[in-house]
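After this come two complexes, each holding chain A, first together with chain B and then together with chain C.
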Partner chain A sequence: MTEAATFIDLRFHRDFYAGAAIDEAVKVFARFGEFHLSEAPDAWCVRMRALRPAQTQRLAHELANYVLGVTVQRGGAT
Partner chain B sequence: MQTAYPDIPPGLVAHDLTSAAVQLQLDTTLYPLQAIYGAAYIFIDRCYVFLERPQPDQVRVVLTAKGGQADAGALRALVGEFANELLSCAWRHQITLDNRVLLETVTMQAIAGAMGQPSLEDLASFDFSDQGFDDPLGIALSWEEKHGKRAPAVAEPAAAGPSEPVATGPDAAASGEGST
Partner chain C sequence: MSALASGPLDLVALRPQAGTQAFFRHRAIGDKVLITGFEGTWSLLTREEFGRFAAGAVVPGSELHTRLVAGNFLRAEYDVRRAVEAVKARRRFLHAGPNLHIFVVTLRCNETCVYCHASRANMDQVQTDMSPEVAEKAVELALRSTSPFITIEFQGGEPLVNFPVVQHICRYAGRRAQELGKELQFTMVSNFALMDDAKLDFLIEHRVQLCTSIDGPEQLHNAQRKLPTMDAHQRAVHWIKRINQRYVDMGLDPTLYHVEALLTTTRETLPLWKQVVDTYVGLGCKALFLRPIDPFGFADRTRLRLEYPRSAYLEFYRNALDYMLELNRQGVQVLERYAGIFLTKILRGEDPNFLDLRSPAGAGIGQLAYNYDGKIFSCDEGRMLHEMGDSKFLLGDVHTSGYRDLVGHETVRAMVLASNLDGQPDCVNCTYQPYCGTIPTFNYKNQGSIFGRMRESSVCAVHKGIQDHLFEKLAAGDPAVLAAFDRWTTHRPREHFVQPVQAPTEL
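This part shows the complex of A and B:
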């Protein structure tokens, strides 16, 4: 995770995280913050910030946990 | 992140007290990804878990305390419990791989048994005439086919000539045999 200004950049490696899980998590957390999705050759990238700036770090952690949980429930990244 | 624990080999575990995070470096040849998933899934209600790929054959697991504050002892306990759970998951994963054929066989038999017995219509339409194997010794033949009464042979005419030795002598003459 990297933090610049009020945004946090999350890189979910494609080997570990399912893209569909990220989409699902962003939909769930959309009302708590602002999310921008992009792709890198080896990762799914999420640039985000919370509506309350003090909650951005916590929102990033919660989002990552949610993505991991959905990925495991789906049986893996593929 | 800085290495902090003397009881753990250097380079495997590092913690950061300011962010209340500890990271664990894993070799994927020792711990399969399914085991890492299993341990991480158990811990996502206790801490924040994030997976990274520092090198092609390694996984970095970052555990962050949910309260936002944790001392070195708490982080050491957290990563130790995670490592124990990871080892348990890896072992159970190996057992599952070893018993996969057995599990599939039992499951298939259970599903086949749940389908119930075949109905009379199924039996009536079943093709029993299928010859799926060779039977050179005639083991599959029925008793009647193998040892049943044979059809009577056609009697040969008497004029065809003697086929048995003809008795001669006084006994034969007394009994009337061997002479006409």
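This part shows the complex of A and C:
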């Protein structure tokens, strides 16, 4: 497997995160990476990698923080 | 009637004038007013003094002015550098990483406790034992923590039931910690009923700090912690005395090295505050943690029988604390841990890093819990909820998760933000904010949200009530009480329990 093929999977639990916050965050960060959204029964799932492979971990952290911030701004998960 | 008389503060009549004060919060304590600053400084003012402070009418050069400057409460003299250093000292734990690693080596337990938090399994449920392979992988993850100091805490169920794995972890982690240059300590929470001389020899040799549960006098303990032989108290007491004597025989200071015991306060405990304290003192215990019951495990199912109004708990707490202070006055040194934690923050400006009483809470960033099957949780309460059928606080497992995956997990992020009191509604305005903490799993279990609603939170009520009582004591200024508080906040490290640099002989 090449470094460029490495994805990170993020799981945002539905009880803690708003789905709309994930949509908003992915739009903001879209130009920095590749994002695939899916849903599990208990979580919103994001499979992602940065355009620059070395930045994937950092991008994941930034995206997760952004999602959390938007969720709080919205007043919570629901 | 003057706005400065006793009773609730009439802020309208006080005509507060912003502009001269630095940021502060306030709360009436008896006939005085407590003010706390952003960085945790505090001062108790008379109502007349508070009136002048609130109105911006403190005369420069006056005694009150000097006192307020010393507490960093006046804007014109505000020392930003001092405030920054104070906040850094209080939040030092943020730079560490998880130091507490809870290993649930089995769910099996020989006792049946009416309030069991741990969600036990029967003794024939051997599938709930941790395997040596899972244990080694859990140790490797624990030792990858960025914290230079690691504590592995053996829990269950009853950890002595799976003693071979406890032994394996002690040997394996001891060796790996030396290879990795980590400072390592072991603790075990056990009911001691399955202890024997061979096990004790091993635990003493490997410097495992031993903790047990004592629910108070014998009759109460045996009614709540049930063995088929109905002698749980006698067995625990027997081994407490044996272990404490072993420490004495080793030349260790018994005031520092002794079995720690934990109390779980049920409805039956409340009227027995004096007997509970006397039981602990009689056993040679130097500390008593007056913990209210948790809503996890069996306690969730039996809480209608065990629970009580928090006002009743606070009356129990005040009675027990006052009695302990009276014993201290008579020369008996026994401390109450809740008070010790709060007072260390209040009087020393430091955080003792008790993970359930800090901001942000320790879940995921101060502790991790490893279940018998390799699943990893943000904290032991998260694991208990999993055993109750709710896996929201499951972060990963020892087979596939990396350290960064765990501490940076999306659920941990949410828990950290939820327990950061700098952003918690109500807490941001609370006078006790610099000294307090909230527990996201507790909030979630009781109120359906990891953020919680503090005005309805029983934990908040307990924390406020305890701190009210402590500040009433500080305001009264009894020298004997202040001397006891000074002892309670003096940290004496138990260096014997830190694993030695040289490998144990049997490695």
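One rule holds for everything that comes next: the second predicted complex is superposed on the first by the 73 of 78 C-alpha atoms of A that agree within 3 Å, B and C clash if a C-alpha of one lies under 4 Å from a C-alpha of the other, contacts with A are read in each partner's own complex, and residues count from 1 in each chain.
Convention: a contact is a pair of C-beta atoms (placed from the backbone, for glycine too) under 8 Å apart; a residue touches a chain by one contact, two chains touch by 3 or more.
Not measured: the values here are computed from a predicted model.
Chemist: One more residue to check, A:35. First (chain B), second (chain C), both or neither?
Modeler: neither
Chemist: Answer with first, second, both or neither: which of chain B and chain C does A:72 touch in the superposed model?
Modeler: A:72: touches chain B and chain C.
Chemist: For A:61, decide between first (touching chain B), second (touching chain C), both and neither.
Modeler: Both partners.
Chemist: Check the residue A:17 against both partner chains and state whether it touches chain B (first), chain C (second), both, or neither.
Modeler: After superposing on A, A:17 lies in contact with both chain B and chain C.
Chemist: Which parts of chain A are touched by chain B and by chain C alike?
Modeler: 11, 13, 15-17, 42, 61, 64-65, 68, 71-72, 76.
Chemist: Quick one: which bits of chain C touch chain A in the complex? Just the residue numbers, please.
Modeler: Per the stated touch rule, the residues are 391-392, 404, 408, 410-411, 413-414, 417, 423, 444, 449-451.
Chemist: If you look only at chain A, which of its residues touch chain C in the complex?
Modeler: Its residues touching chain C are 10-13, 15-17, 42, 57, 61, 64-65, 67-68, 71-72, 76.
Chemist: Touching residues of chain A toward chain B in the complex: what are they?
Modeler: 1, 11, 13, 15-17, 42, 58, 61-62, 64-65, 68-69, 71-72, 76
Chemist: Going by the contact rule set out above, which residues of chain B touch chain A in the complex?
Modeler: It is residues 33-34, 37-38, 40-41, 44, 48-53, 59, 64, 66, 68 of chain B that touch chain A.
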